[in-house]
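One chain, chain A, links the two complexes that follow: it is found with chain B in the first and with chain C in the second.
Up next is the complex of A and B:
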């Protein structure tokens, strides 16, 4: 009698407390480490930046002066800030559409049964996983006055141009590098989306006599809309934060032609030793990105159906 | 009961969770700590020959003073940002390099240790032995915050072979000769109709412009720190300097797909370049087929050049002040400096060492030593952003053919607002 009761109690304990509580415990334990990392390296720095932005925070000074909104007021009066904003907007308007369309197109092509498909898929994806510093250095050589690009264009009769020191072409050069790099990355996302489109839709279209182009525009594009939304959001966020290429290739020049908002933050924070001002610029940048994302979610939602 | 003898599973899991927590705690707190009395010494990344010299200097110091423990920590990459970070977080090394260019910032923040009391107590140090302008770069209100370890200055390097081909036997003596010689030396060497060899290579940066400004009796700021950019002297220098490029007798590195002026000279695309002592070892190692000679910069309205120096400095927060001074005074003492400058990678800032090594008679070094009389250390008392503003202006003038006097006015207006408020 006692044994059966004891067994029943044990089973109850196991079911109620051990199973549920233990599951919860292990869940929190496994969450703890990544959460701790995120807190230390993400949440606390973001909060600190917000606090710093109200101070005249200079790292080597013995005390930090509270200046309220002065940093923000100064930012909105700085003509280089507006240049940086203009550069960032131009950059984004140029890169996001081209990148998205190119990535979708490449994915569509890669989804067909053509020879050497895996080779091409790898070839397009490799720039995305190569260090951005490495690709930037390579492209500095390609873009130079006597470099590869000018040599190729020269064969077509086009005069050589110093791509990175000409203020009119410097930003475009960096944009092209970025399109080349990240199209392959988003191609993979689109490939995954494409493979979720039921083949029956294409079959039905073919039976009706639809061409490849018609199939692309009327089946592929609408069905892949959630992925498009994801790609555009990630692309926008990435474009607003572009830094590596500017840092390696042009140092924000010539004459601030390639100074983007994130480079502006770095310049003021670390080169001019004004961390408070740089933090304020970073908060402004974050605000801009958040606003754009909210607008996009409202007017271009992922799934209107 | 048999199940009472086994340890229940949930107990094992409880112990395991404490083990995991303890392990992660140990992992987090296992920071490496140095021994308490190690003197940490940092410098930026330089070429291998400089590194070898540093190592041997520290080796001799350890032999002479075995009771002191010195640890050399090289800082690769962005040196000034790293040092700034370390000073701000109270973890700076005891001894580190400070470039003359950035010294005003460090002095402004008062993070360096004044060395006067150590200098006065140390009878063998002989502070009067130093050339005054290098010491002055690190002095404020009579307090010395760093000891200059060596110096370099801009001189003219020229390719003797190219000069002979053009029928020239002497380097240019003044601005007029610099122009006419550059014209003669600019030529099309491979018959494609375009000039491939240029008289001189310049670059759109304030550093290479300033010698011309000083030679034209101009300056960047006056005694009281007010800007003197919008002056005929400054503008005249910019017009002359840019004029060389405009007349196509000078080239810039990006036009020939290279990174700096030294490379253009080393790869024989220009017959002249303005550079400093640091170029000599590079010429010997990388461009040994260039038959180069050294000369004073051509004279403007007066002789002038820019001198560069680096100091050993120490942070104010330092528990090892006495030991730090021992290392500092050895590195910049007569023996240490002689060792450091004996290979000619830089010139001694001590008069006695220069005499001992007899650099005034050396066929190359005499131009560096001789320039000390008219060499100025270039420092600016405005927030670091001034440098970017001048770079933008110079780039606009060279790349966008912007109007010079308008750009100069704009430059002065922009920098003026960066005056450091005391």
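Up next is the complex of A and C:
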């Protein structure tokens, strides 16, 4: 009897260790290809970008000289870099709040019982699923001197303007396009958050005689705070790296009026082929983004309570 | 009662104006694309007078390398969507259901990489692909996007919600872990797989920066890169350019309308991570 029991324990232990070994084997087999791809195209590039940023690495030149911090010193002495930084900050400050408020407003409306809700939801979301190049091109036509926008404004007696080649309006025009494309995208995030708010909260508020506006400010806004946090982080990261729209609509011009930091990275890396310098600029941009998100997490946490 | 009615009418008005603002540019683009008159971008309404035509579509299809760009885009998108679905399911399953040495380290590294802004990757990825002599080639366009951390994370989260009994039953039936993955878990995770497929399709189809950098001759362009080049090449031939933008938008639009429910679900379940 004792023997049998002992044998059973033995078998059980053996089976356990074999499934453990088996699990290891299958885990490494399954992860082999995905992990290899991630290592080559994600982990190594992240690490090597730091190394490249210390070199004077040009595509055509054969010698790659170690230059220490020189790339960084040059960046912080470059007037265009400061212009790009200013543009990027203006862009972000302009787009993020308006886009977030608009997205929340759209979601609030979409959460009501209204006729044609799914049609409107689709309409607001379509710009977000469309290629950024496509939306940019359409807006180039709309913004151009003989375009639709000037015709519409002309009816109101406003003089025509070449929106994208006028340095005063170029950046704002791109910002408007961005708000138009992504507010629908973040509307869906908010909508998911709104649907998690218990109806009983609104019922209680209504019993106490709260108006729609009061319900919105005192129930909806605080209850979707985690979603708001997430939306702001995502749109900050997106705005700081805005590129496609700038490339298609204005090519950084006129006179660097729309050069953003990611465009600056592209310009140095792939127009002037100064890859080391571009890598350093990308690291500076990443540093700015990470600092801003850390500050946001500290002063505007997802759950303050 | 009357106040509620007025409120409803007001809301409807706001919504209709809103829908016009969000859809208007697309309607504008469709009208211009069918226009015979190149100067219609100031008043697309005048098309009723100048007449409709299909010649802009014929022109971009026949006289421009549009078909070749379409082929490139389809090829890249299809391959990347399939590999992303397969690899992210496989890796997600591994992280959710298997124990192995180094699990936390590997997963931690993947999560940490999510915090790094993507702009950092562009130059080192270009140099790598350049070293491998893959610039302007399909491998150079496809390989870097075959798997993504976000998708792996999404699948891991999904598999973690599946009951433990499922694994036990599979093991008792004598499945090995691949059979368990393939025959038990995959057939039961269609919504999550569909979400990954749809997001990858949309992201790859619309991707601009990488194909812009990784290609340098017209015949290797993808649709977005090709369209961006047309903007400077055709200058003011707006009807032809608009015909292109409409053709590029149709696939993502169709997929969105058909699979709408997955979009909303996917965003809801991940908190909206792209």
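The rule is simple: the second predicted complex is superposed on the first by the 270 of 305 C-alpha atoms of A that agree within 3 Å, B and C clash if a C-alpha of one lies under 4 Å from a C-alpha of the other, contacts with A are read in each partner's own complex, and residues count from 1 in each chain.
The criterion applied here is as follows: a contact is a pair of C-beta atoms (placed from the backbone, for glycine too) under 8 Å apart; a residue touches a chain by one contact, two chains touch by 3 or more.
Note that the coordinates shown come from a computational prediction; the quantities given were computed from them, not determined experimentally.
Contacts of A:255 after superposition: chain B is touched, whereas chain C is not reached.
Contacts of A:184 after superposition on the shared chain: chain C is touched, whereas chain B is not. Within the superposed three-chain model, A:230 lies in touch with chain C and out of touch with chain B [touch as defined at top].
Using the contact criterion defined above for the overlaid structures, shared-chain residue A:271 touches chain B, although it does not reach chain C.
With both complexes superposed, C is the one of chain B and chain C in contact with more chain A residues.
Of the two partner chains placed by superposition, A:86 touches none, neither chain B nor chain C.
When the shared chain is aligned, chain B comes close enough to touch A:58, but chain C does not.
Touch criterion met: A:123 reaches chain C, while chain B stays clear of it. Looking at the shared chain after the overlay, A:167 reaches chain B, while chain C stays out of its contact range.
Contacts of A:290 after superposition: chain C is touched, whereas chain B is not reached. Residues common to the contacts of chain A with chain B and with chain C across the two structures: 22, 29, 33, 59, 144, 146-147, 270.
Interface residues of chain A, counted against chain B in their complex, comprise 18, 22, 25, 29, 33, 58-62, 144-147, 162, 164-167, 252-256, 267-268, 270-274. Taken in their complex, chain B has these residues touching chain A: 10, 13, 17, 20, 24, 78, 81, 84-85, 87-88, 105-106, 109-111, 254-257, 383-385, 388, 391-393, 395-396, 399-400. For chain A in complex with chain C, the touching residues are 19-20, 22-24, 26-31, 33-35, 37-38, 40-46, 48-49, 52, 57, 59, 106, 109, 112, 114-116, 118-120, 122-127, 129-135, 137-142, 144, 146-148, 150-151, 180, 184, 186, 188-189, 191-192, 195, 212, 227, 230-231, 234, 237, 240-241, 243-244, 247-248, 262, 265-266, 269-270, 275, 278-279, 282-283, 285-286, 289-290, 293. By the touch rule above, chain C contacts chain A in their complex via residues 7-8, 11-12, 14-15, 18-19, 21-23, 25-26, 28-29, 32, 39, 41-44, 87-88, 90-91, 93-94, 98-101, 103, 106, 109-110, 113, 115-128, 130, 143-144, 146-147, 149, 152, 171, 176-178, 181, 202, 205-206, 208-209, 212-213, 223-225, 227-228, 231, 238, 241-242, 245, 248-249, 252-253, 255-257, 260, 263-264, 267-268, 271-274.
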